[in-house]
Each structure stands twice: as structure tokens, then as C-alpha cells.
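Next come two complexes, and both contain chain A; in the first it sits with chain B, in the second with chain C.
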Partner chain A sequence: MKTLLSIALGVVTAIGGFLDAGTVATAGEAGAKFGLGLVWAILLSTVAIVLLVEMTGRFAAVSKKTYASAIRENFGIKFYLLPLASEVIAESILLTAEIGGMAIAISLITGISWHVLFPVAVLLVFASAWRAPFSWIENGPALLGLVTLSFIAGIVALGGPQRDLLPTLWQPPIQQGGMADYLYLIAATLGATISPYMLYFYSSGAREEGWSTRSLLLNRVTAIVGMGFGCIGSLAIVLLSAMVLRPLNMTANTLGEIGLAMAKAFGPVGAMLFAIALFATCFGAALEVVLAVSYNIAQGFGWEWSEDKKPVEAARFNLVIILFLLVAVLISLLGIDPLQLALFASTVIALFLPISLFPFLVLMNDRQYLGDKINGRLINIAMLCILFIAFVVAIVSLPLEIVSGGG
Partner chain B sequence: MLVVALLCTGCQFVQSAFANTAGNAGAALAAASTTLTYAHSGKITDAYAASSFINFQSELDGLDQKLPSTQGAPSGHAIQRLLDLYKTAIRAVDAPCLTASCDWRGQVAALDRASKAFLEASNS
Partner chain C sequence: MPRERDDVFSIRDILDSQLETSDQRKIGRVADIEAEWRGENLYLTSLLVGPQALAKRINGPLHALLRALFRDRFDSAIPMRDVKEFGPTLQLRRKASEYPIGRSDRWIADHLLRWIPGSGHR
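For the complex of A and B:
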């Protein structure tokens, strides 16, 4: 019974925790600009994240090590600094976007400028990361994030997608000169879903909860069912944007615009449901990002770490949390809109994916860590292909997008 | 090599800076118009509308300074027409009429006119 409850909780939190500022931004803009033309990218990235989450949990449960400590142990400190640097650069931008997303969500409810609310959101993340136990951080925002399922009700209430939307699934409406935008959104979609911070957070979580080989079933079901169904939230936003925003010539350049689709379906209640969903998903992701970086650094350098320890017992781990939040505050001073920041962060993440994930694939094929639980050949090939696509699309689209001044 | 080749032919993939800026402005103006209409038809709260307009402001602010010097911008009458429409529309964005006592329909019409013109300019 206890195992069944754990599996149910794991699945539910995976569904609720799937979205974040990056996925909301990419899905909203994808639907508004290209109809259903980027659904394939969401499905591809979902396959990748299902495989990665399953691998991460399997690695932590069997080897009893976290990802960061295993990289340091297997490849040495000099190599470890490479994925660490890429992680810190990409995730600091993403953290700023997540906190900005929280601020915008509160702003949509209160009407107060999100610039004023940004420090409030930072304090909220800090207080939770500082004092809340791991189980609360893992489950609390994710359960609240189940509000995203109301997006499906929104699609039904609007009468379902129009028939003329269907051809955009295989024939994306790309205007002349719009290919750079399309490629940029592919990269952002892949980077938003296949976020390496999940690896550090999930493997650390598995150690925090003392997973063993008996946890492999829970891990597999959570990865496949939870993450598999989690992408429904992204797909629902794509559909809503394509159905409501696109015919009105809106491109979902701001987060509030995406909520107008829910407002059309349910009035002010729908708009509020969107704001709550945005807050919950960004809050959960901000906590995961800030903890993932702190876990990564503490485990890589062999410091004491655990969210369940008092700050004084893991002082340097907690110091990294504070410093990383300060970096986010500094980035926010540039005044860039959180949605644009989330898109940029997601594309940078896609660019860095080979650096972040290739060492992991090496570890997943090492019998010293995994015994007979190493990866099969098919999984390796699938992951390498997805990493290659994400990298090529990101390296092509980023400079084109910067040159054209788009975003 | 593939990446270099793609970047070398990049001009076929990207819009001019003017088309991009005008397209984004047209979309933001359309969003502002829809937001104002939704606010007056009770689909969103005043707080939601006010918060959205803060973002539209930062997106559209200073466009009249930037647009004429943007690469690919048309000259003469065409750009002047866009700037005139922008000036009327930005007044609605800066001070949206969220109560029934002012001319919100006039603001929606101004936003729609400007949005249409900017979107047409970006596609031409």
C-alpha cells in the first residue's frame, strides 16, 4: 500500500511539476506563431526527459551516488568544472526567468508591477530553500501545479481545436524569413524540457530519500507515466495559443497574453487559474534550479549537503543558495522580460546539453557503478541523436536570432 | 561545416531588423487591444489588465526613436504613417481606459489600426 502511494505521489508530482517558465514561454509562443508546428519538438523532448529521469533515478538507486559526485570521481576535478560552468551560466539565466515568472503571476493577480514584486519572489524562494524540508519542496509546488490540468478543460470549453489547425501539425506556417524564429523555438523547446538541472535535483532527491534497487519500479513508473502525462500541460498551452491567440495576430510575447486564452474560456476565473498555474510551476522550478546548483557544487567539492539538514550543518551548501539568488537579482537588473529570458535560457541550455549530458551517458554505461543495470544500446543511440539535434539547432538559431534582433 | 554553411546562408532564414521590430510591435498592439476588450467584457480583472499593460509599455516604449533607423526601414511617407499611428496607440498603452467613463472603444480602434499597419509593414 505504501509503495502504491509513493508511486501515485511520484506520478502526480511529475505531472504537476513538468511545466516551468521555459516550457510555458516556448509552448505559448510556439502555438501563437506556428500553430501545431512544434508539437513534434515537445514530443521529442518528452521522450528525452522520460529516458533521462529514468536513467538518473536508476543511477542514484543502484550506485548510491549522485550525478555530480560521480562525475567528479570518475573524470576528475578539471573535467568536472566544465559541466559545472555550463550549468551555472545557463541555470542562473533560467533562475532569473523562473523568479520573474513568479513575480508576473503575482502581478497578474494583484495588478502591481512585476518589477516591484521580483524581490518578494526572491525572498519566497530563499525562505523555502532555506527552511523547508525536501519532501515539501518536491511535492508542494508540484501538487499546486496540477492546476495546469485546467488548460485541458479550457480547450474543451472552447469547443476543441479548429479544423484548419490540423495541417499546421505537418506544415508549420513559417513566413518568409521566419525560419530563424522557428529554429530558435525548436532549440528553446528542447532546452526547456531537457533541463540538466533535473538530473542534479532528481539524483540528489533519490539520495535524500535513501533510494535503493527496490525503488527502481517507483522510478520507472514516475519517469514514464508522470513525465509522459506531464507534457500534456505543454501541449494544452500550444493548443490554447493556437486556437485563441494566433487568429488575433498575437504572438505570446508576454506571459500575461498566454492567460488570455484561458480568460476566453472561463472569464476571470480562467485568467486566475492561469496565474496560479504560472506561479506554482515557476515557484517549483525556481526551488529545483537553486537547489540543483547548490547540490551540484556541494557534491562536486565534497561539502556537507542536504536540504533536510539545518543550515548550520551544511553551511557552504546553504551559502551557495544565497549567492545564486543574488546572481539572479543582478541579472534581473538588466530589465529583460522574463518570457524572453526564459526562451534565451532554454536555447542556451540546448546548446550546452552535450557538455551536461555526455558525461552522464558515459557513467550510465559503466558497470563499476551500475553492474548489470547499465543502459541498453537503443537508449544510448536515442539520447545521442536527441542531444545532436538540440545542439545543432541551438548553435544555428542563436546567432541568427541575435543578428535579426528577434526573440 | 554544416553549421558554418547554414550561417552563411542565414540571410535567407531571417527577416530584416525592421520587419522583425514591426512584426513584434504589431503583435504587442494586437495583444493590448484584446486585453482592453477582455477587460471591458468582464473576461479579465482590472488587475490582470493593468499588469499586462505594464509589460506592453516596456515592449513598445521608445519604438518611435528606434524604428526609423532600423535596418530595412522604409523611408518618407510610409514610416511617417507608422509613427503617427504609433503615437496615438502608445497613448492608449500608457494610460489604458479600464473604466466605463472614458472612451475605451476609441482606444481599441486606435490599437487595432496601428497593429494592422505594423503587421502589414512587417510582411511587405
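For the complex of A and C:
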């Protein structure tokens, strides 16, 4: 019974970890602009994140080490700075987008401008990261995030997808000059789902909960079922956008626009459900991002770290949390819309994926850490291919997107 | 390749290793090591910690900059005899408060975090 409960909890957590401002933004815009033309990218990135989450859990459970500690110990300080820098740059943009997503969600409910609500959202994230125990952070927002499943009800209520949507699955409707946009969204989709912050967060979480080799089955089930469910949520947003926004020629330029589909299905209640789902996923992701970076730095430099300790007992770790949130506040002052910021952050993450994940693949093949639980060859090849695709698409599309002025 | 022995260490086993004090506090990682010749033998004398020691391994100009900036204020050495146990983490014989680097958490807690409600500061 206890195992069953922890599996259920793990699955819920994984759903929460999958969806965030980045996936909502990419899925919403993908559906509005290209119908089902990016579903393949979502499926591909789901395969990647299932593999990665399984590997991360296996690594922490067998080696009893977190990812950040292992990079520092195995590759030395000079190399460690590389994934660290890429992580801090990409995740600070993403964190700003997640907090912005929270602010927009509250603004959809209250009607107050999201710019005003941004500091409120920062304080919420800070208060939780400051004092909430790890289990609360892991499960609280995730449970709320189950509201996402109402998106599927929305699709049914709208009468299911139109018949003419189906061909867009293999023939994306790319208009003239729209190729750059399409590539940019592929990169963002891959970066939004295959997020390296999950690695740092998940491996630290496995240590906070004291996983051992006995947790391997739980780990595998969580990875597959949880990420699978997350993928369904993401696909539901694509469908909703494709069904409602695309016929209206709306391109889902803001997070609020994506919510219109739910409003069409269920009226004000639908708008409310979307706002709650957006809030929960962005809140959960913001916490995971801020903790992931703080875990990364504290473990890399060998400082005391834990969410379950009082802040003064892990002072440097908690100081990093504060500083990182201040960075997000600074970035928010640029006034960029959270959806655009989320797309940009996700593409930057895709670009950096080889830097953040290649060392992990090396470690996953090191018997010193994993004994006989090292990666199989097939997994290695699959991961390398996906990393390569993400990197190429990102490096091609980022300059194009910046030149064309975004969105 | 000689056979692997438990009592022979490579530099990799020591550099970047986690330092843990006798009161189970993680205080940092080994940034660098110091050794000296005694007759014909090279002895490992101390473990170095701090930003300057770390910068020295990263890049020359950065090290020069940090040296000018910090003037050894944040760097310190831990004598080799303080290491009680080698392994995945280096266990030290004394408490965190007895090492300069071990006091940095305390400093941040006493001067910065204590002003924020719920910090658990006493």
C-alpha cells in the first residue's frame, strides 16, 4: 500500500514537473500556428525526458550522489563552470517567465495588471522556498496541477478536433517566410520539455528522500507514467489551440490568449480552470527552477544544502535562493511578456543542452558510479541523437528569430 | 597498470572532494593542495580552500584579479593531519566553527539571514 501511494505521489510530481510556462507557451503557440505540426517534437522530447528522469533517479539512487557533486568531483572545477554558467543564464530567464506566468494567472482571476502582481508572485515563491519542507514543494503545486486534466474535458466539450486538422500532423501548414518560426518553435518545444533543471532538482530530491537501489522500480514507473501524463496535458493544449485559436487566425501571443480555448469550452469556469492550471504549473516550476540552481551551486561548491533544514543551517544555499530571485526581478524590469520570455528561455536551453547533458551521459556510463546499472547502448545513442537535433535546430533558429524581432 | 590499492591515492581522490567536519557540516570542497619536499619524499602538507586557490586552477588573470581583490582574506589551509578519513568525502577531525571556511555559513546567518522572518536564527 505504501509503495502504491508513493508511486501515485511520484506520478503526480512528475506531471507537475513536465508542465510549466515553457510547455504551455510552446504547446499553445504550436497549436495556434501550425495545427498538429509540432506534435512529433512533443513526442520526441517526451521520450528524451522519460529517459533522462529515469537516468537521474537511477544515478542518485545507486551512486548516492547528486548530479552537480558528481560533475565537480569527476571533471574538476574548470569544467564544472561550463554547465554551471549555461544553467544560471538559461534558468534565470526561465525563472522570470515562470513567475510572470504565475502573475498572469492571478491577473486572469483578479483583473489586476500582471506587472503589479509580479512582486507578489516572487514573494510567494520565496516564502515557499524559504520555509516549506521538501515534500510540500514536491507535491503541493503538483496536486493543484491536476486541474490540467480539465483540458481534456475541454476538447471533448468542444466536440473533438475537426477532421481537417489531421493532415497537419504530417504536413505542417508553414506559410511563406514561416520556416524560421517553425524551427524556433521546434527548438523551444525540445528545450521546454527536456529541461536540465529537472536533473538537478530530481537528483537532489532523490537524495533528500534517501533513495536506494530499492527505489529503482518506483523510479522507472514514475518516469514513464508521470512524464506520459505530462505529455498528454501538453498535447491537450496543442489540440485546444489548434481547434479554437487557429480558425480565428490568433497566434497565441500571450499566455492569456491560450486560455481563450478553455473559455470557449466552459465559459467563465473554463477561464478559471485555465488560470488555476497555469498558476499551479508555473508555481511548481518556479520553485523547482530556483531550487535546482541553488542545489547545483551549493553541491558544486560543497556547501550545506537541504530544503528540510532551517535557513540558517544551510546559509549559503539559502542566500543563493534569495540572490537568484533578485536576478529574476531585475530581468522582469525589462518588461518582456512572459510567453515570449518562456519561448526564448526554452530555445536557449535547447542550445545549451549538449553542455548540460553530455557530462551526464558520460557519468551514466561510468561503472565507478553505477556498477552494473550503467546505461545501455541504445539509450546512449537515442540521447545523443536527440541532443544533436535540439542543438542544431536551436543554433539555426535563434539568430533568425532575433533578427526577425521575435514572436 | 599497477594493481589498485586502498592506501594509494591519486590526486583526483583529493582535489574537489567534499569536506565534512566532525559535527557533520559540509563546509566546502578541496580547491587545491600544498606539498613540500622533505629529503627525498614529497609530503602532502595541507588542503587549500577559498576563492583564490580555486581561481588559480581556472585561469591566471582571474587568480591575479582575485588576489588583488581579496588579499588572502577568504582563503585558508587545512593541515593534512586534520583529515580523519579519506573516502567519497574527506572527514575532518574538528568542528565547523574551528575552520575559517566553516564559519562562513555562520557569518551569513548572523549578518544577513537573521533579519528575514522564519530564518530559524537564535
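By our rule, the second predicted complex is superposed on the first by the 405 of 407 C-alpha atoms of A that agree within 3 Å, B and C clash if a C-alpha of one lies under 4 Å from a C-alpha of the other, contacts with A are read in each partner's own complex, and residues count from 1 in each chain.
Just so we're on the same page, a contact is a pair of C-beta atoms (placed from the backbone, for glycine too) under 8 Å apart; a residue touches a chain by one contact, two chains touch by 3 or more.
These numbers come from a predicted model, not from an experiment.
When both complexes are superposed on chain A, chain B and chain C fit side by side without a clash. Taking the C-alpha centre of chain A as the vertex, the lines to the centres of chain B and chain C open to an angle of 130 degrees, rounded to the nearest 10. By the document's definition of touching, neither partner reaches A:L169: not chain B, not chain C.
When chain B and chain C are set side by side, the one touching more residues of chain A is B. In the superposed pair of complexes, A:G302 makes contact with chain C only, with no contact to chain B. In the superposition on chain A, A:S107 makes contact with chain B only, not with chain C.
In the superposition on chain A, contact is made by A:K310 with chain C only, not with chain B.
Looking at the shared chain after the overlay, A:G259 reaches chain B, while chain C stays out of its contact range.
Of the two partner chains placed by superposition, only chain B is touched by A:L183; chain C is not.
Taking the two complexes aligned on chain A, the least Cα distance separating chain B from chain C is 31 Å. Taken together, the two complexes place no residue of chain A in contact with both chain B and chain C. Chain B contributes residues 2-3, 6-7, 10, 12-17, 19-21, 23-24, 26-28, 30-31, 34-35, 38, 42-48, 50-52, 54-56, 58-59, 115, 119, 123 to its touches with chain A in the complex.
Chain A makes touch with chain B in their complex at residues 104, 107-115, 175-180, 183, 248-251, 253-257, 259-260, 263-264, 267-268, 270-272, 275, 335, 337, 392, 395-396, 399-400, 403-406.
Remark: chain C residues 15-19, 25-29, 31, 54, 57-58, 88, 104-109, 112-114, 116, 118-121 touch chain A in the complex.
Touching chain C in their complex are the following residues of chain A: 65, 69, 72-73, 76-78, 81, 130-131, 301-305, 310-316, 318-319.
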